[in-house]
Amino acid sequence: MNFNKISFRVRYGETDQMGVVYHGNYAQYLEIGRVEWLREMGISYKTMEKNGIMLPVISLSLHFKKSAVYDDLITVETRLVRTPLVKIEFDYKIYNEKKEILVEANTVLAFLDTTTKRPIKCPDYILEKLSY
Amino acid sequence: MNFNKISFRVRYGETDQMGVVYHGNYAQYLEIGRVEWLREMGISYKTMEKNGIMLPVISLSLHFKKSAVYDDLITVETRLVRTPLVKIEFDYKIYNEKKEILVEANTVLAFLDTTTKRPIKCPDYILEKLSY
Amino acid sequence: MNFNKISFRVRYGETDQMGVVYHGNYAQYLEIGRVEWLREMGISYKTMEKNGIMLPVISLSLHFKKSAVYDDLITVETRLVRTPLVKIEFDYKIYNEKKEILVEANTVLAFLDTTTKRPIKCPDYILEKLSY
Amino acid sequence: MNFNKISFRVRYGETDQMGVVYHGNYAQYLEIGRVEWLREMGISYKTMEKNGIMLPVISLSLHFKKSAVYDDLITVETRLVRTPLVKIEFDYKIYNEKKEILVEANTVLAFLDTTTKRPIKCPDYILEKLSY
């Protein structure tokens, strides 16, 4: 529960000359994970932003265990850490087809009013969806 | 005249597993070239956009002659092709420290009103700066 | 025939402050298209590269018709232009869920020996797969 | 001492539709910081890699305080945390022209033998350069 998985292939342009995924590209992979987590909860991040709430990342940490290589089918597992208040926190595990853990990560995002750019509380309709 | 050069180093994250700059990253290099061309003309693209004019790329062509590698100090040479009307067209040459041509490129951008998203003519203050 | 489609969603990190996909990111979309084209032909680009053949892009042209926005489910349609000799050429169309054409593009790639970095002919096993 | 600064401008393609630098792009900024730190120590990362030592990032943490926007001239301040052994750790501060802190970050990188991909100790010539 409060848990989502999504799989996709590593793109060529995401590798670097070490022959593995450039470490900075994992930020996008985590983003894909949490957007799909939201979608599975019935929440479109796109609609949320249009309705005046944005969710900038305020902290990001990544621990690299093993490299992903080009064309790997990787899976991002996204888990909500706690009931969101003014922030929402996710833990992630990224692994390859052999189920080897590649990356463990955490992000904290803040709910902001798009117009005022000020912090707001997690919208009720998200909290309601979380309670099921 | 109507000509600008800017040099910078290739970043590690811009390479791919071929050990050279990923071809898609040259779009950013061209963008740096034309922004500096504008800056040298006394035009800030940032200010232009704030003042309601945006310049989306409507066509882009790139011919790759030789690879750039990590940490290369490359130079983007940007040249205005003709007096802009509703579009502005640039030719580019990118070369390395040995003056070897790496890439030849061309972009066409359109002047758009940021609010209406409709085409507009090149602002007079740009045309005036070009006439010197 | 000699034709492939693949669909995926626009990532947040692929947009720019115009609120649309940054034009340079389409290079990656085309790459996804042709890799899937190869895969459908029974050819793994990854394996090809491991076996000593690489396929750098030598020219790239893009015509932008309409913008893609965040979270759009876009489709890349990849078509082989002609029987490959020492080069392989693809045409692409990218469209959104409403079937609006966003981008038309073309790439030419060269078959190179990974070790010598010299041009070689398209491997027979690819030509054979194309003849069916 | 053991401290370096480098400044550069935010590229358009590095922004996202929030109108600020996409958070994932800061990984590249940190990379620029530590590469210049090495260069100032008289160490070329490029040469180091050619000589058989690579430095993959094994952990990365970023705390976002304030946004950088397009065309900002930002400064990355890189500081060595301690004498490197088998790992090398850096702290970073990124700020804008108004000296506002945008990001605080930390990376740990591991010295690896490029051929064996096994951990090795920090090369003596780096330790020697550090001791001055």
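As written, the chain order gives the labels A, B, C and D, with residue 1 at the start of each chain.
Just so it is clear, contacts are C-beta pairs under 8 Å (C-beta built on N, C-alpha and C of every residue); 3 or more make two chains touch, one makes a residue touch a chain.
Worth saying up front: this structure is predicted, and the values here are computed from it rather than measured.
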- Specify the chain most distant from subunit C by Cα centroid. D
- Query: Counting shared numbers against all numbers at the contact of subunit C and subunit D, is it over half, same, or under half, different?
  - Reply: same
- A-D or A-C, whichever has more C-beta pairs in contact: A-D
- Chain-centre distance (mean CA atoms) for subunit A and subunit C, in whole Å, is 27
- Message: Just the number, please: Cα centre separation of subunit C and subunit D in whole Å.
- Response: 33
- Task: For subunit A and subunit D, let me know how many angstrom lie between their CA-based centres, rounded off.
- Result: 24
- Two or more other chains in contact with one residue: find those residues in subunit B. 12-13, 17-18, 20, 22, 24-25, 27-28, 31, 70
- Task: Counting only chain pairs that touch, give me the topology of the graph as line, ring, star, complete or other.
- Result: complete
- Using the touch definition up top, name the residues of subunit A that touch subunit C in the complex. 8, 11-14, 27-28, 31-32, 35, 44-46, 70-71
- Message: Residue numbers of subunit A touching subunit D in their complex, please.
- Response: 17-18, 20, 22-28, 31, 49, 54, 56-64, 67
- Message: Could you list, by residue number, the parts of subunit C that touch subunit D in their complex?
- Response: 12-13, 15-20, 22, 24-25, 70
